[in-house]
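So, here come the structures, one by one.
Below are two complexes that have chain A in common, paired first with chain B and then with chain C.
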Partner chain A sequence: MIEDTRSINTTATLLLMAGCAFVLAPLVFVVITATQSYGDFLRNNFSLTPGSHLVENFRQVWEMTLLPRQTFNSFVIAFASAFGRCFLAFTTAYAVVFFAPRYSIFIYAAVLASIMLPLDLMVIPAYQVAANVAMPINAVANLGGGWETLFGAPLDLQLNLLNTYAGAAIPLMAQGTGTLIMVQYFKTLPVDLAKAATLDGASPLRFMVDILLPLSKGPLLSLFIYLFIGGWVAYMWPLVSISSPDMQTAVVGLTALDTGMGEDEIPNFPLQMAGAIMVTVIPLVLIALTQRLIVRGLILSEK
Partner chain B sequence: MSAQSHAAGIHLTDLQKTYNKTPVIPGLTAELAAGEFTVILGPSGCGKSTLLNMIAGLEKVSGGKIMIGSREVQNIAPKDRGLAMVFQNYALYPHMSVADNIGYALKVAGVPKDERTSRIQTAANVVNLGDYLDRRPSELSGGQRQRVAIARAIVREPQVLLFDEPLSNLDAKLRHDMRMELSSLHRRIGATSVFVTHDQVEAMTLADRILILNHGRIQQFDTPHNIYHKPANTFVAGFIGSPPMNLIEAQASNGAVSVGGVRLAATEISGDVTVGIRPEHIKVTESGIPVHVAYREDLGSHSTMVVEMENGQTLRLATQLGEPIRGGEWVHITIPEDKLHFFNAATGDALRSN
Partner chain C sequence: MSNRFYRNKWLPLWLASPQLVVLFFFFYLPVFLAFFWSFHLERPFGGGSQFVGWQNFERVLSDPEFWTSLWRTLTYMVVASSTSIICALVLALAADRGIRMSPLARNVLIWPKAVAAASIGVIFLFIFNPFMGILAPLNEMFPGFWNPRINPVHTWIMIYIANIWSAIPFTFIILLTGLQSIPDTLHKAAAIDGAGPWRRLFDIQLPLLTPQLFIVVVLEIADSLSGSFALIDTMSQGGPGGATNLLVYKIYVDGFKAYDLSGAATQTAMLMIVVAAVTAFQYLVVEKRVKYER
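Our next item is the complex of A and B:
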């Protein structure tokens, strides 16, 4: 190692540069295309010479398409689903670790099931439930005609969540990776902390809010960012559960961005690329802003 | 924080704890006087922490009664039992300042801010941490952290103070200093204190009375002096003292007790008996029982040896430094008759202690 650091350094640098080039090439392509006008693009096809229409393209995306509205939708849905998942992860892990109930094993089973059966696999039943949230209640009440014999008609409650933020966000919450992560984190905390708080007179809820929550800031924030991005790029479920374009998320909206009029028409690729940049920028900004906190969270949880 | 007049005694009546049908504490009855400093001493896993946690209310009791003062508390919430606890790994809240750590209980109890501040300051001064109130626990040394934990315990002016091996994480010198501080703190505060440890030096130096526990049963509950000089059974005899007491299987007949043909003492009992003699009571003399020095350790203030009698019986003994004895030599020892302890060979209970 030590004899030949310089050549190792050089090799490593070269390898890293090659890797960067490989990863960045498509991005460069996206940015360059976004600078061209539709006219130029039709004339020259894809080219590597930057054009001068970047701002114009952004303006067009901003003013003429639904993408700004859809970006806002994405933000709401990603935020709500990430927040919900963090909340569930935190509270579930708290119950499992600090109260060790007898039924912990069932919670673990449910968490595992939610990881092994992702939403994409259950799109159709999830769609049916979202179309009428009361459906399971109806089904149970009408079991063997029970409700009908009691009240004369089958129970038929209706609550449609399709095309709503709730309908898009809530099913995205039903995934338990965060719970496992928080369980692992809580297990690294000293057990006597809870005992000390109990003797100090703190109720379990108070312990959770006063002690556990501040101590979990780091891991929770990392988890939140990770899940936020997951919600931001979710494609299948928003596509299925939202049909009206102005409720749609940005990632889905992107695919519908000026794809050309007729069968043979060439899509407005520069406009699409400008849109793609806009949609990517928000999670990037989020990461950039919170990067320090995330790193600190990771270090804290190592302790 | 002057001496508190409201220290309360603790009465344990047939206290039991069972984990998944395994009795950890099969039934324990003891009376801890108000203001007394009791040390619970015993080997690892004997149920010391379990006992303490039951008194604190952190573990449910499986049976029996706990009285603090005149109140029966086994079904009362921990915070209402009028006690506070200090833990081995400090259990400070890492995200709070020293002041907030000390004052958390007061905050939860809804004590007004002004009063809180002054009580925090007083408690911090008691443990000499008055200047550290704004620090985080991570910015303190181990000893300082444990002092914060002690301040956190005394700020509520509890009737009972519980300690679960609070000094085990400190190095030897700090442990000694903290021992002295705890001792003087106890004299000033006067709260009934229960201190769990498996370190017999801590037990001997701190305790008014030591409760020796093994397998969840009380072996002896007495003053350090009596524990050392009048061990109630072979367990206590072998547990206290460093190096521990020699316990020898011997036979008593015709008015004398002897081991492998060597007469040790006159006695009126007969039959099998376990004889105990402390290593520091065995003297190396000009004449007496010839022994072979198998092993010798120099500890500065004294030295310890393992010696072997002609009949193969080994003994540990401690001598003053300066005895010019080397490993492998033959020397003579004398075992003073009045220092012998006699135990029932079958049950291990003390028969007679001189």
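Our next item is the complex of A and C:
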């Protein structure tokens, strides 16, 4: 180091310890509480003595609640939305970076505008769209009574996406962050890549699939993990777009977890905390295993 | 943009069309509908819409609850983003010292990223439960010492702590990366010139960190708005007595619980304008002062 900085380093160590303790404390409390039985918990209130009921609590969550099914739903929705966003980001970024026509600037601008307003700010109109995706087709066909004069009745197509996986996952894809990241990445690639592929007789689509896709494996994977976790922890859109508990995601399911207690009783907190572990364990393991990728994804999204 | 090699005229449009279709349905159409409904009323018993001019805006703007909620939302955006950024900045500065604790801290401080805001809401609601939680013993000694269900100040403290907890990873990582890309030679040169650690913090580290600080502020402000819904819905439901009824939550209640489509759409339209204005202000005014060259 540059100078004698022992006191600064001690302060820094203490600060980092405090930060880690702040982050870890709630997680430790959750795990300890999840090991206690409801009876223990009522007797001792909040205590840091682990009980022996962890397995029993998990069994109860597994058998008595909808959380296992909802965890599966979370997996499907998070996977579909992350995969979809990676696919859309990849093709759009390719179109924006590698093609000469100037109108692609407008495409890029139209995509970037979506970063400004997250879905959570417009759940009310987005809910209306999901309730009948055919609405704009109806509106155009019925403009000025056009369809009615031709066919006798106004066009009324119905396609309801509420309570479906598609309805939960597709709106989560309407966000341009992934495209921004892929565009930044493509711009760092050598200019002559496409030229060389063309000389070898590859069409633009073939170049995209056989050369660009393998080259983008790293960034796409970190983007995927980042977006998967984003889809997993999404709360507001699943809450409004899914009303049947069978189709609900685990994060929303946890907040409405029925612990088998009546309205006036003290909730079964140990059971609830076991549920919290179940909801969190998949993304947490994913983060622990793919530290580097996540960090790279976070840093990419900054640019 | 010298990569623009292919000359195909329509292929790029086809390649981008899947994303454009998704954006049309779940971004541009909802934005349009929010403005459409803010100028229309739903006819009773279904059956379409009726143009009512500025009537919805007059109704919403004359409601004092809207103004308190908007004011609360702006306060929340400022306090929530500044508290979480300051905490993450202090931790990033400490981790940048390259001490024995740094690698462990880098690892642990990312964990909250995996925990949904709604889940941490449920967890903190239990930990801060006035009768069963961590502060229950204090409550027994001094009755009324802590009760977030009744005292709005306590509710806000709880929400802000939860917000800091879940906002740390993102901000911490970006700031730490920024700090580590500051060349060591600058530190050494300044130290030789007699600049102490505090002087170097304010004259080297923070000025060179402005690009990262800027992006973190932009993202945190946007995030605090949408993240607040999950925390409020799980921890306070806008209570006690409407004290934590932020605009995002109020719109949800007006639209889905009170079935006031036009009112909720009008407030959505106004919230969109506010957020777009804040973002535009940040990019047009604040970004000019950010130093990008090193």
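In this section, the second predicted complex is superposed on the first by the 266 of 303 C-alpha atoms of A that agree within 3 Å, B and C clash if a C-alpha of one lies under 4 Å from a C-alpha of the other, contacts with A are read in each partner's own complex, and residues count from 1 in each chain.
Here, a contact is a pair of C-beta atoms (placed from the backbone, for glycine too) under 8 Å apart; a residue touches a chain by one contact, two chains touch by 3 or more.
Since the structure is predicted, the reported quantities are computational estimates derived from the model, not experimental observations.
In this overlay on chain A, chain B fits alongside chain C without clashing. In the superposition on chain A, A:Pro214 makes contact with chain B only, not with chain C.
Once the two complexes are laid over each other on the shared chain, residue contacts for A:Cys20 go to chain C alone; chain B is not touched. The superposition places the C-alpha centres of chain B and chain C at an angle of 90 degrees about the C-alpha centre of chain A, rounded in steps of 10. By the touch criterion defined above, A:Lys195 lies against chain B and chain C together after alignment on the C-alpha atoms of chain A. Contact with neither chain B nor chain C is seen for A:Cys86 once the two complexes are overlaid on the shared chain. When the shared chain is aligned, chain C comes close enough to touch A:Asn9, but chain B does not. By the document's definition of touching, of the two partners only chain C reaches A:Met236; chain B does not.
Which of chain B and chain C touches more residues of chain A is settled by the count: it is C.
By the touch criterion stated above, A:Arg206 is placed in contact with chain B alone, chain C being left untouched.
When the two complexes are overlaid on their common chain A, residue A:Val96 makes contact with chain C while staying clear of chain B. Superposition on chain A leaves chain B and chain C with their closest Cα atoms 7 Å from each other.
Shared contact residues of chain A, touching chain B in one structure and chain C in the other: 195, 198. If you check the complex, the residues on chain A that touch chain B are 190, 192-193, 195-202, 206, 210-211, 214-215. Put simply, chain C touches chain A in their complex at residues 1-9, 11-13, 15-16, 18-20, 22-23, 25-34, 37, 87, 90-91, 93-95, 97, 99-102, 104-105, 107-124, 126-127, 131-134, 136, 165, 168-170, 173-174, 177, 187-188, 191, 197, 212, 215, 222, 225-226, 229-230, 233-234, 248, 251-252, 255-256, 261, 264-265, 268, 271-272, 275-276, 279. Residues of chain B that touch chain A in their complex: 53, 56-58, 78-79, 83-85, 87-95, 104-105, 108-109, 152.
Those residues of chain A lying in contact with chain C across their complex are 2-3, 5, 8-9, 11-13, 15-17, 19-20, 22-24, 26-27, 29-30, 33, 41, 45-46, 84, 87-89, 91-92, 94-101, 103-104, 107, 110-111, 113-114, 116-130, 133, 136, 170-171, 173-176, 179, 186-187, 189, 191, 194-195, 198, 204-205, 229, 232-236, 239-240, 251-252, 254-255, 266, 269, 272-273, 276, 279-280, 283-284, 286-288, 291, 294-295, 298-299, 302.
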